[in-house]
Amino acid sequence: MIGGGPGAFIGDAHRRASRICNDYELVGGVFSSNSEKNTQFAVNEGIDLSRCYSGVESLIEAEKALPANKRMEAVAIVTPNALHYSAARMLLENGFHIVCEKPMTMTVEEALELEEIVNQTKLTFALAHTYTGYPMVRQMRDLISQGILGTIQRIDAQYYQGWINSFIHGTESRITGVWRLDPRHAGVSSCMGDIGVHAFNLIEYTTGLEIREILSDLSRVKDNIKLDLDGTVLLRFGGYLKGVIRASQVCGGEENGITIAVYGSRASLKWAQENPNYLYMLSDTEPTRVFKPAHDYNGKFAEISHTMPPGHPEGIYEALANIYRGAAKSIRGEEFIPGEFPTVHEGVRGMKFIHAVVNSDANGNVWTKV
Amino acid sequence: MIGGGPGAFIGDAHRRASRICNDYELVGGVFSSNSEKNTQFAVNEGIDLSRCYSGVESLIEAEKALPANKRMEAVAIVTPNALHYSAARMLLENGFHIVCEKPMTMTVEEALELEEIVNQTKLTFALAHTYTGYPMVRQMRDLISQGILGTIQRIDAQYYQGWINSFIHGTESRITGVWRLDPRHAGVSSCMGDIGVHAFNLIEYTTGLEIREILSDLSRVKDNIKLDLDGTVLLRFGGYLKGVIRASQVCGGEENGITIAVYGSRASLKWAQENPNYLYMLSDTEPTRVFKPAHDYNGKFAEISHTMPPGHPEGIYEALANIYRGAAKSIRGEEFIPGEFPTVHEGVRGMKFIHAVVNSDANGNVWTKV
Amino acid sequence: MIGGGPGAFIGDAHRRASRICNDYELVGGVFSSNSEKNTQFAVNEGIDLSRCYSGVESLIEAEKALPANKRMEAVAIVTPNALHYSAARMLLENGFHIVCEKPMTMTVEEALELEEIVNQTKLTFALAHTYTGYPMVRQMRDLISQGILGTIQRIDAQYYQGWINSFIHGTESRITGVWRLDPRHAGVSSCMGDIGVHAFNLIEYTTGLEIREILSDLSRVKDNIKLDLDGTVLLRFGGYLKGVIRASQVCGGEENGITIAVYGSRASLKWAQENPNYLYMLSDTEPTRVFKPAHDYNGKFAEISHTMPPGHPEGIYEALANIYRGAAKSIRGEEFIPGEFPTVHEGVRGMKFIHAVVNSDANGNVWTKV
Amino acid sequence: MIGGGPGAFIGDAHRRASRICNDYELVGGVFSSNSEKNTQFAVNEGIDLSRCYSGVESLIEAEKALPANKRMEAVAIVTPNALHYSAARMLLENGFHIVCEKPMTMTVEEALELEEIVNQTKLTFALAHTYTGYPMVRQMRDLISQGILGTIQRIDAQYYQGWINSFIHGTESRITGVWRLDPRHAGVSSCMGDIGVHAFNLIEYTTGLEIREILSDLSRVKDNIKLDLDGTVLLRFGGYLKGVIRASQVCGGEENGITIAVYGSRASLKWAQENPNYLYMLSDTEPTRVFKPAHDYNGKFAEISHTMPPGHPEGIYEALANIYRGAAKSIRGEEFIPGEFPTVHEGVRGMKFIHAVVNSDANGNVWTKV
């Protein structure tokens, strides 16, 4: 693991998920750029200090010196965004499989480079679009791929949060303390880069469609903010199909309000992350149907993604564990279902989306290719 | 009543609402352009045939000939859109109060004319934006007017329906049978004119803010459709405040899916029409609060808008009855709370919105003043 | 109308409902035992003072003197419980149809007498078990009668309210001010007589089954209360089928929390009054289905009980109006669907239930026949 | 670990939970009575075969021979019910801490014996009443202990499932294949022993009250079933406080429908397991409040029980992991919050409840002390 030291919530999430799926063992890593914290963390986690490295280079060197059956096979990258690319590149070039937090890189170019390396090396690269690990998101993908919805006529995805309010309405120093608001660490976007891209990914993941063009209108909300905290993105998929992504970090009281609705000529599907075990199928002529995990009426993909009997809710750690499980199958060369883990290609698509959105807004809200 | 003869659902709704509020008696009208149906309807409703008129002109002439205390005081206009303007104009000019279905007119110019006449005559003109009659919509307006939300940072309104699917995916003759799809009867817009305008109205009604500029992207969904059936509208209110209206008639399985969310720096409010007796107040620091009718914790406006004890759901007829009640107070010269009925001004705003949306889309998705 | 004068909420509800269904006209009655209030009420409602009577006897005498086509046809009895029986009896014996609030009488014997008179006179007697007027309750009855659930295995009904808390935890005088807590006006029971009986009625109404035996445990909650405010009733239907009714007036914060669940070997149905337009069909092998009004997938009974298009919520006034409509059909000798209005027989069953529950508790929680 | 070999869902759940909390390592056990399966399981899990034992006795002998710092510290017992007691007893007597599935034993006497041993040895004994590990259940306990509800006036808990339908309505051999329906393996009760006891435990856990007396009515549902599959239990807590537990395994379509509602004179609390991250506080005078995890408004106990930011749902594995974490603190001698894990005392209470319920029913539905 690279990053994820003391206090890093996302690193902890990755470790829990990998333990749940039980295909991984945490044997070493670079947990913090602060040497003391790095060591302390390794001690706390019971990791052999000889494998607690000061940097990615030394990790690579030392691990490659180990016999193949002792060597680290895969590395999870859970650092701030700006460090993803260089770490991923070096690791891939030295034969390590990767599980990477999103957004994958800072630029589209970096993303394309990683994609090329992955394609050449045939290594496994899993991107942590965690929401694709929920059983009912996978069931949604399954149902859509079967053509049950008829012609898709509208797509609407939302990602609303409110957590940033307490920072932006606080003191100036409180604002500067948030790395997501600093372009050097967060890249070109806060809201769209952090959460809008999840909505984008969910749309392409569940429908199998590509968003062709977008037109965005973003808001910084306050004068002293440098990046977007809020925005709406008009979507075109070609033909008459249109849609919208709505994302915001200033929707006070919204917690992690991700929703997706795909409306077809014959039926429609709706899902919301805060109650992830419910998938609603709407129809003009039938009662609404509510799909839940652990039932034979679901497809195989949903069913391998839930382990408890019906009515025992699993949550976000299990979703991420499902992605880790999918990556493990790929690493071991086992068969897996396409979509069991988001790939480097989803990472490229995400970066293209983020940059298209920022450009559309900067250029006066014009249609921009993804 | 003008219109609303046999089989007209909206006319029936108006009659029920007026009976619920009990301030009106249906004494006559022009119920159908078909003479036989017109008469038959009057007979069924127990209306004196001498007051069952063949047209608005004869109604005006005959009623004005009656002594003041026998004369019709107010007229409900529930015809197809294209007939609203001429009927309303004649009736206003002859001293009748009006309750009018929306959209108020076919053009902005007609709307402005009606506004001018109303302003001059001081007659009561109530527009049937029924959703403003719900107690919890009124409570929302109350809470926002008190400044409880802090600075408003984002507004999101939705109106999704799916009923038109069965027509547009049917035979050609089935399409031509729907007057909403025919520009001669429906005006410049189907989706935005019929339902998008409700979302627009709810935003201005609950927040007291004016939408300044919009940018829209509409879809006709199929080649042989002449009007928009679907669209997204970006909103600007001035300053950093932005928002979005999403409306569609092709969201299969959605029934009457109106929602509004207003997000502020201190708290947020969410309401959905299909469960109209719940108003959600979100906050980053407090548990979500659910307001319901018939409680002392509500303001006076909500409380006069609900008659049953808590937990006895009232519905859409009662919402419309609340508007009829407000108009009755105005007609009788009694005091009423601003917002007890939508006025001709809301009608003007709505027409401006519809035309701005259609123009923005036609001009290549450009910002357009409302 | 007998009763329902100034300030009486239930009388107002009956008048609204009768206006909604539009088959009735309020022409006279005895609105209050206080002569001044009686007259004032008639004036306010625009009722001819010659038909504002001082008592049931004078009403009967005067109305019978009128020609048949001018005479009152039906009388709504909305007085406190203790007066129902004598008024109903006199009116029935003089040829008037009745709509009566529940509970129908004070004793089982009175109830049986009314039943006998109704059977002999063939007059229409409708009991205001309002919840049977909801479209989805009627759909539930329909589905069960078709045998869709398989063998019914468990039935669970609830009626929880909390409104009485503010009285019983107030001063002594506040308690004595509530007629429901006074055995002279309320009869042998407060909670079970007022609300438990609705849960009982819903079970027998939706399933068509008769509850044979009950065992109850009631609570008065405080020393100075004379009647039950809370209780649980075990139910036996014969064979292995059992169930439970839970009712309480001290569930603080519950508003009008009526629910019913009927569990069968093949499927189950659940309904809750506070969201009355949703009926849930559960199954072990299929996604949960949500039935809503105004759809062709419903049976005829549900569909004649809802007038708006899908997604426009109707509420409790419309439910009561549906019962008034059913009674009107019966009065006019038109065909109606069994169950369109609760009859005197449901009144008898209710009184038997209330008395069985009180006796079971008083006798030490023993099984008691209904 | 004792039990939990191939195909055992509950053993898998315990392993996942222990990995999530990360305070345990699975080093050995007796996974199956079938020697081959036992070995195979150890191989699959990567467990040293020298610690894959054939029985509890050999486990104890071998582990005690190891140096203290290598020795197994705690043992999870996840066998069928009938084997809990003997394993737990032997392990406790030899100094092993225990995490035990529920019901703890087959008889009250066995339960009392275990309690005595635990009291004498001061070892940690954690019972897997998993639902007590949910953050919002803990918040409920916190709020009630602070007296926020006023005087508690009614308690209502439910546990409805439907999974057994497919067995009991199948062939005879299908029935005999379910160990829960066999008194030799399940003990005196199926429904109450397996799930009713969870409802019982939740009541005592959240309120801190003891149920004094119960009266039950159980149903076997079909002639060829030997144990209860369904039942209702009337509860008395002393004074006027009463309540009810409803439990069933034949509520078709219910999945894992656990609910608890505690009604007080000032406020009430409601929680349902299938949406475990919502806790509802009702009041007659305030809007309903919805508590969710990861907020400062919660007490400390809820907050240490959730690790993700708001809006990221955690589920049942995390609930069980919280119990494992609590037990780990106790084993290590660290401070913990009372209630962080259910103890042997809750096990004794549960066994008393199950036997009281069965006896009350067998004796003709009479009041029985718990």
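Per-chain numbering from 1; labels A, B, C and D assigned in written order.
As a working rule, a contact is a pair of C-beta atoms (placed from the backbone, for glycine too) under 8 Å apart; a residue touches a chain by one contact, two chains touch by 3 or more.
None of these values were measured; they are calculated from a predicted model.
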{"item": "Pair exhibiting more inter-chain C-beta contacts, C-D or A-D", "value": "C-D"}
{"item": "Chain centre separation in whole Å, for chain D relative to chain B (CA means)", "value": "54"}
{"item": "Centroid distance [mean C-alpha coordinates] between chain D and chain A, Å", "value": "35"}
{"item": "Rounded Å distance between chain C and chain D, as computed from the means of their C-alpha atoms", "value": "42"}
{"item": "Two or more partner chains touched - positions in chain A", "value": "163, 254, 281, 285, 288, 292"}
{"item": "Overall pattern in which the protein chains touch one another (line/ring/star/complete/other)", "value": "complete"}
{"item": "Residues on chain B engaged by chain D in the complex (per definition of touch)", "value": "281, 285-292, 295-297"}
{"item": "Complex interface listing, chain B residues touching chain A", "value": "150, 153-154, 156, 160, 162-163, 165-166, 169, 215, 217, 219-222, 230-232, 234, 236, 240-244, 246, 248, 250-254, 261, 263-268, 281-285, 288, 365, 367"}
{"item": "Touching residues on chain A, where the partner in the complex is chain D", "value": "9, 12-13, 15-16, 19-20, 22, 161, 163, 254-257, 273-277, 292, 294, 307-318"}
